[in-house]
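If you scroll down you'll find the structure; I have some questions about it.
Here the chain labels run A, B, C and D in written order, and each chain numbers its own residues starting at 1.
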Amino acid sequence: MNPVNYLYLAALLFTIGATGVLIRRNAIVVFMCIELMLNACNLAFVTFSRMHGNLDGQIIAFFTMVVAAAEVVVGLAIIVSLFRTRHSASVDDASLMKL
Amino acid sequence: MTTPLAAYTTSTGEAFQFWVLGTIAVIGALCTVFMKRAVHSALCLAGTMIVLAVFYLANGAYFLGVVQIVVYTGAIMMLFLFVVMLVGVTAADSLKETIKGQRWLALLCGAGFGVLLFAGIGNASLKEFSGAGRANTNGNVEGLAALIFTKYVFAFEITGALLITAAVGAMVLTHRERTERAKTQRELSEQRVREGTNVPPLPAPGVYARHNAVDIAGLLPDGTPSELTVSKTLRERGQLRDVSTEALNDLRALEQRAEERLERTAIEPETFKRPEEASK
Amino acid sequence: MENLIALLIAAPLLGAAVLLAGGRRLDRVGHWIGTLLSAASFVFGLILFADLLGKNAEHRTLTQHLWTWIPVGGFQADVTFRLDQLSMTFVLLITGVGSLIHLYSVGYMEHDERRRRFFGYLNLFLAAMLLLVLADNYLLLYVGWEGVGLASYLLIGFWQHKPSAATAAKKAFLVNRVGDMGLSIAIMLMFTTFGSFAFGPVLGHTGDTSEGKLTAIGLMLLLAACGKSAQVPLQSWLGDAMEGPTPVSALIHAATMVTAGVYLIVRSGAIFNAAPDAQLAVTVVGAVTLLFGAIVGCAKDDIKKALAGSTMSQIGYMVLAAGLGPIGYVFAIMHLVTHGFFKAGLFLGAGSVMHGMNDEVDMRRYGGLRKYMPVTFITFGLGYLAIIGFPGLSGFFSKDKIIEAAFAKGGTEGWILGGAALLGAAITAFYMTRVMLMTFFGEERWRNQPTRSPEAPSAEPAAETRGEHTEPHPHESPKVMTIPMIVLAVGSVFGGAFFSIGDRFLNWLEPVTGHSEGDSPLSAATVTGATMVCLVIGVAIAWAQYGRKPVPAVAPRGSLLTRAARRDLLQDDFNHVVLVRGGEHLTRSLVYVDHTLVDGVVNGTAAGFGGMSGRLRRLQNGFVRSYAVSMFGGAALLVAATLLMRAV
Amino acid sequence: MSFPLLTATAALPALGAVATAAVPAARRTAAKWLALAASLATLALAITVLVRFDPDGARYQLTESHPWIADFGVRYELGVDGIAVALIALTALLIPFIVLAGWHDADPLETGSRRWRPTQGFFALILAVEAMVIISFEATDVFVFYIFFEAMLIPMYFLIGGFGDRAHEHGEEAAATQRSYAAVKFLLYNLVGGLLMLAAVIGLYVVAGNFSLQEIAEARANGSLHMATSTERWLFLGFFFAFAVKAPLWPLHTWLPNAMQESTAPVAVLITAVVDKVGTFAMLRFCLQLFPEASKWATPVILVLALISIVYGALLAVGQRDIKRLVAYASISHFGFIVMGIFAMTSQGQSGATLYMVNHGISTAALMLVAGFLISRRGSRLIADYGGVQKVAPVLAGTFLIGGLATLSLPGLAPFVSEFLVLVGTFTRYPAIGIIATFGIVLAALYVLVLYQRTMTGPVKPEVSAMPDLRARELVVVAPLIVLLILLGVYPKPVTDIVNPAVKQTMSDVHQTDPKPEVEAAK
């Protein structure tokens, strides 16, 4: 098998995650989908590092994880406070950007 | 599967593993998207992540594989679960689309994007693979460490700062500032008396012996549920179970059986409203 | 000596400036200042006249160049005055009659608190009129031309508190403006044709250009003359102009301004001589107007309006004469002068009658006034005899000459025109006799009835001080008013004889206007005889109708023609329906168009953009997910773009 | 390097504006006096320019030239020819009267009104407009001209939108909304024009390589700079459109009535007598000099449009119920005359047009300012609300009449000279158009006299019975204008002497000569 399939898999997961972000209303699920996308990217990175036989790809993936962790922390905090204020975790309820 | 050296093509073992686990991963991802309840989504996602961790290992990224399992599946997903609990486990949000055309657009974009990515990868002509072996010649972790603390040291420090900032930020966001001192029990009771509103302690939920779960509102004499008897959180989540109607139905059934037992003619419901007629 | 010419104009101009800018402090002496300055102008005129008489005929032209007015490229307009026999005649007429009427007004306007301004306007008029007749080029003439229009506007509307007066003034100015349009177009034509519009170059080179051009110029000048001289079809304003104070009617709308058209035609004689078609048009207009005016004059019960009609018809005579070419020029001017005398006299008489009758203008409320105001009666009577052409009086000479000239035109035209003139003479005799009888003879219809008839409210505000709603007490006017009347009466008695005995006037004017005896099919005697017959007929009919039987105090319904004539032969109604109504509709619809169409297009565009942005704004529905979709779509497009780039 | 007179003339009012704006809010009167002083000083400088200018000298005099944006060859170039000098003098002359007339227009309203009217701002804005107008008369660099031509809009916008008549028949709010509508309309119209012009300016740079009017004009003249016919026409249209909007030419005129109706009388005068002149002036200076061929190509259309403006404006003026709108439409008719004179391509027409700009400025100022005094007394702009004013306020009525007579171009008053010159100039080349345009004088008489009759004559309306006559300040404003009208009407030679050489130059730029009369009688 050609390891390129990993990349195909990563692309597939990424697409699924993106679609999920667009489809779901529940902020938490949206977040999960984002995580999914990040993971897909990580998979791609790892595969790349395997291709080129150096570790930079893995480093990037590592950093991605760190950043993802930070992002999740903040994002979930936001969701919680949002829930506190408007008693709902639906992203559609926070439509204050409307003119 | 932990082949130290991945060449142009991989071993059939890995291929087998890829096809099996890959399917699982995709299914998990789909479930993440389409599960009604956040908890289920979270679990599916966790599964996908574990699969990915395995793939990392397969690709010779041992450190990342472990980290994936520990950090992601262990920490982050748990964080997710906590929040889900906070928001309400049982809250099942409908997948019905409210924004017109959103879903179709989303699927269209998604499909289009996917196709493009596949096309991109397809004609990228990725032929030669030097394999993870050369990268891991003197140990994967050592290699990573060498890189992180030499080449990427600044990025590393900055991400560290980022993490701390994020932690602080999370605290700031979730921490609710108290403007005034919290009221003591005594003060609360005094206030209740002063205002004259529910002077005695709040009624307990589930006044009927059959229903004493916390999420069931106690019934008032007229059979309507009283919000007061249930805890605020549940109320806000809208997770009250209303049993007033079934209570009444049970009551009626009971009456019915009593009548039959006493060989009386079946009574139309209106006799409830005219007891004097029932007495003859 | 030339430098006096400027003074002619300067004097009244100064008067106007002082009186109008002077303010109330001049109220007590204002009228005397005005009178004095016009008199001074008259004196200058006399001096210059003497000077001209001293020269021999061909050197009797003085020019004075003051300054260059508008110098642009080939377009050179100078402020230059030209005093020759023709303008001299006018100067004397204007300043003379003008001064007399100033004097008269001192008495007539005595009770008007705005007398100072009145004299200011009068002086302004004198200055403008003098400028008109003294100008050396048509553009400067145009200035005077509109100047008199302005003065007449101000004076007709002098009692501005009366809407009727204000309207009449506006009407006069507008109708005149139409004529002025003709004049300005004529000037442009002259410029394009001759490269100049000064009398010398234009009139001297009429031979160098096509007849068509000259005809065009002539017709345009005729249009101008029609406007100013109240000739058909632009005559409608003159009747209403009687809203002004009577001295104004006498000076401006009888003696001087309305004759400016005749001056213009005679002055441009060279052009008309070279353009027979234009001449024919002039004669036609003249003939039509002289009949028109006469008929209108027969029907009016308002004494001033009756006189206005007669003015119209008399000027018709002059225009007719002017249209006859060299045969008629001299007589046109001669009739103009004599008419200036007797018509001014008649108006002053009418004014004096009104003065004594609480400003009553309806002749049906007069009657038998001869024993109450003898001087007025006599002077008016003399003027009357003069205008109907009683043998020996001035009207006789001038009008008779015109009729002769008309016949002398020759051909069928000659017959037609002459016939019209004769008929006009008969009608003139009729309506003037009518006026005379209704006013001074018959029983006293003003007895035991308030004179302030509701439908004809009093003109003068001065009347409010004395005009109670009581039976009037007819009385002779003060000296200051009668003297001018007497003087004018003398002029209207002897003027004609003085002019025509020995052809004094002819010889005087001939160098300017030129003269030629036409070949008349009838002998002078025949014409005179015919005129006399018409005269007698007219008087007789009038006597039969108004002398023998008493005049009803309320006008009978009258025949169709009479009623039409009372309404100025429906000319006003025509104007009203066609021009006024039409204009109103036009402007109203245009306002609508401007608002909806022209402005609508603009606002429509604006609204379109607004709507579009509103629709685009809907995209900003505030839902994070739809924003995310657009971002994702954008990302997809970017990827596609990069791939395409690599593929290409 | 001599004293930069032109720069000073433009800079002085600008400084005055800054100083006026800087006066503390409490010292309102001081600000007024400051503004008046600044405008008078500018007038003095303008007169020095007038004196220093030699009609028979070089085409552009008192020139200044400094490099500004070297990369685009933009130079700060100033210079005046006769036409510019005349218009600068007019501007500098009118502003003091405008300031005086608007003396109380920007006073804070009596308590109870929600509207805040910054007095300092009002006068500062007027001075700013003056500065920009003057410098756009002086600029001989297309780019510099463009900048100030556009920048003018900003203070004008605030003047129109910020300051209206004290009393308004529809009440404060309605007044505010209408004002802002008018201001926005004014801004949008002129901005659209300005944008097209900007495109044309850039195009010109692409073609010519620099912005200097003189260089380009010379290059055009001696053929060293060739433009493709289509290019020239497009550029011409770009410029002309902007100027046609500014000097409202049918059908781009509808912003003017709103603007003049809603703004106070002095501002209305500022619009129509000063700012709009920049448009007609620019046609004369830029359109004709830079694109002679295209100008000739477009002449028929432009003449027809001008003709429509004349008749149409006059007819609409007759139909108006609002005094200020009436004057506005009258101005549209007059601008038609000006444009007609410019594009008749005869020396009479162009001198007449230039003269017309000056005279129209003065006459409109006289009429509009008196109308403003009238309106401020009665608190209504509707003609129907007046009647018999001449009985209670004869002086006001008299000055109003004189202003009106000037507007209908009565001979003896200044506008007659220019109007007749324009008519003759047009007639010599296009007789039909000239004749039709002559109808304009009848219509003019109609709307002026109808206005006068309805407002001034007739029985005295009770509302106006207590109306005071002109005050000293107002007389000081009106009297000089009237004197000037008479003076220029009787002896316009000084102005024509200044203007004629410049016009001759322009005529030679467009390779045009006056048509010769049929008979060479005069010579």
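Here, contacts are C-beta pairs under 8 Å (C-beta built on N, C-alpha and C of every residue); 3 or more make two chains touch, one makes a residue touch a chain.
For reference, the UniProt names are A = NADH-quinone oxidoreductase subunit K.
Given the structure is predicted, the values throughout are model-derived calculations rather than measurements.
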item: Innermost chain, taking as reference the mean of every protein Cα atom displayed; value: D
item: Centre-to-centre distance between subunit B and subunit A (centres being mean Cα positions), rounded to whole Å; value: 16
item: Inter-centroid spacing, subunit D versus subunit B (mean Cα positions, whole Å); value: 74
item: Whole-Å gap separating subunit A and subunit D, where each centre is the average of the chain's CA atoms; value: 66
item: Whole-Å separation of chain centres (CA-atom averages), subunit C against subunit D; value: 37
item: Multi-chain contact residues (two or more partners), subunit C; value: 621, 623, 625, 629, 632
item: Multi-chain contact sites of subunit B, meaning residues that touch two or more partners; value: 99, 102, 105-106, 109-110, 113, 117
item: Overlap residues in subunit A, where contacts from two or more other chains coincide; value: 18, 22-23, 25, 92
item: Chain pairs in mutual contact under the definition given at the outset; value: A-B, A-C, B-C, C-D
item: Interfacial residue positions of subunit D with respect to subunit C in the complex; value: 185, 188-189, 250-251, 253-254, 312, 315-316, 318-320, 346-348, 351-352, 388, 390-391, 398, 405, 410-412, 416-417, 420-421, 423-424, 427-428, 431, 434-435, 438-439, 441-442, 445-446, 449-450, 453, 456-460, 490-493, 496-497, 500, 503, 514-523
item: Subunit A to subunit B touching residues, read off their complex; value: 1-9, 11-20, 22-26, 28-29, 31-33, 35-36, 39, 42-43, 46-47, 49-56, 58-59, 61-63, 65-74, 76-81, 83-84, 87, 89-90, 92
item: Complex interface listing, subunit C residues touching subunit A; value: 617, 620-625, 627-629, 632
item: Complex interface listing, subunit B residues touching subunit A; value: 6, 9-10, 12, 14-15, 18, 22, 25-26, 29-30, 32-33, 35, 38, 41-42, 45, 48-49, 52, 55-56, 59-61, 63-64, 67-68, 71-72, 75-76, 79-80, 83-84, 86-87, 93, 95, 97-99, 102-103, 105-107, 109-111, 113-114, 117-118, 121, 126, 129-136, 140, 143-144, 147-148, 151-152, 155-156, 159, 162-163, 165-167, 169-171, 173-174, 176, 236-237
item: Subunit C - residues contacting subunit B, complex; value: 621, 623, 625-626, 629, 632-633, 635-636, 639-640, 643, 647
